[in-house]
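Shown below is the structure under consideration.
Each chain gets a letter, A, B, C and D, in the order it is written, and its residues are counted from 1.
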Amino acid sequence: MQIAARHLDKTTIFDISGDIDLATSPQLRKALLRELRELKMPRVVLNLGAVRYIDSSGVASLVEGLKASRDVGSRLILFGLNKTVREVLQLSKLVRIFEIYENEAQSVAP
Amino acid sequence: MQIAARHLDKTTIFDISGDIDLATSPQLRKALLRELRELKMPRVVLNLGAVRYIDSSGVASLVEGLKASRDVGSRLILFGLNKTVREVLQLSKLVRIFEIYENEAQSVAP
Amino acid sequence: MLCVVRNAVGELTAKLGFSEPDCRAVVRAVDEALTNIIRHAYLGEQEQPIEASFHRIDAPKDGQSGDALEIVLEDNGVTANPEKMCGRALEDVRPGGLGLHFIRECMDTVEFSRNNGRNQLRLVKFLHVQAPKKGA
Amino acid sequence: MLCVVRNAVGELTAKLGFSEPDCRAVVRAVDEALTNIIRHAYLGEQEQPIEASFHRIDAPKDGQSGDALEIVLEDNGVTANPEKMCGRALEDVRPGGLGLHFIRECMDTVEFSRNNGRNQLRLVKFLHVQAPKKGA
């Protein structure tokens, strides 16, 4: 897994690629919690378009990010969900809990 | 991999089963060196009949055992070589270097 | 290494004729099962031995017999506590506790057992071969 | 985990129609290649990412085109030293130094390369499909 960060006004976009699994999900968790809890970024957007696989520990990291965003009053947004990512969120019954958009333009809209 | 030891007069027989690979070959190496270098057992016989896989690190452990046996003037004997084990020793060009028998009776013969 | 297993299992299931979503389901189940073995049975240690076998089998299904892939994973780790092995209610949104749920959703049969000091997990997925069209 | 990979690759190669010795050869090559990546590229660390892909390809063979299995393994470990990547003379009986030799013996093509900070190992094994008997 690779995470690249881009910064817009009051928004951080993480472009994530590769596999989010047992070995890599702690890195995602850390990046999310830093951005939300420490830096109190008002909006964190995850571009999941290049994610090839995400396991339950990856989903757990997303849920932790979501909880953190609620705690600090920020928004955590997902976009670019491919079939695999969508399936996993469906399996977890989490599709309706996340703020999910089709593309980046919608995700960073004011 | 599992190693079970049996002791005859001046001979140790190791019944080895499972996979000898990166994770398990150090255990085989240790068992061989202890029996040969420390205990100076005159004959160490390896029953490889239940070995399902052996990798190059496993072969390296056998070679170390062979060297140790020569150093202390003991014999290291192999028997029960199945197709996989035989192939690997052939690939390593080591078939003719080891003392190899068909069965246990031949291996422990006086 | 999990990535290598996922790709090998993905290619195997495709080769066996599973549909794309079923291939992903089997890959997911195997990945989550291995992750659980490493985390819970081996308490995080990655170098411990895990055995796996993959077999095409004929298994009973709906009173008939069906073509299926059977996967058996075995470890020598700590005994699983059956009370914890149930997964959890998904309504409770919190991190963790999804792995077993994924495994159960993705496979047709999921059986834990313990024999001779080893934990065994048996997973079965039926191959849904399309019935030949009659007449049409 | 190497055991899981071996069994998955063994089942995959059998399914692809390789002969039993060829299945064992591919399993051996993949196992030795992964072992080398863990030991040499990642200096013994087991948790580092290794990517693998398995593809059925048409590759040029003896001036014709042959049906083959292509396996690509990639890691982010230390750059391999090409001078060391040669294996060694087998006449010299000593432990170690057999892995690369096994890989070369077991596969038809073995190619190391480095791109974008990643090591890539490409392995190809041809499927020797029996020529249909004529007349006999």
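The rule is short, and it goes like this: contacts are C-beta pairs under 8 Å (C-beta built on N, C-alpha and C of every residue); 3 or more make two chains touch, one makes a residue touch a chain.
Not measured: the values here are computed from a predicted model.
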**Complete:** The chain pair with the larger count of contacting C-beta pairs, comparing B-D against A-D, is B-D
**Prompt:** Once you find the CA centre of chain A and the CA centre of chain C, what distance in Å lies between them?
**Reply:** 27
**Asked** In whole angstrom, what separates the CA-based centres of chain A and chain D?
**Response** 36
**Complete:** When centres are defined as mean Cα positions, the distance from chain A to chain B in whole Å is 53
**Asked** Tell me, which residues of chain C touch at least two other chains?
**Response** 2-3, 47, 49
**Request:** Scan chain B for residues touching two or more other chains and write them down.
**Result:** 19, 23
**Message:** Graph shape for the chains shown, where an edge means the two chains touch. Line, ring, star, complete, or other?
**Reply:** other
**Item:** Each pair of chains that touches, named by its two labels
**Value:** A-C, A-D, B-C, B-D, C-D
**Asked** Which chain C residues qualify as touching chain B in the complex?
**Response** 47-49
**Message:** Can you tell me which positions in chain B touch chain C when the two form their complex?
**Reply:** 1, 18-19, 23-24
**Item:** List of chain A residues in touch with chain C within their complex
**Value:** 19, 21-23, 53, 55-57, 59-61, 63-64, 66-67, 83-84, 87-88, 91-94, 97
**Complete:** Given the complex, residues on chain C that touch chain A span 2-3, 6, 21, 24, 27-28, 31-32, 35, 38-39, 90-91, 93-96, 98-99, 101-102, 105-106
**Prompt:** Within the complex, which stretch of chain C touches chain D?
**Reply:** 1-5, 7-9, 11-12, 15-16, 34, 46-47, 49-55, 73
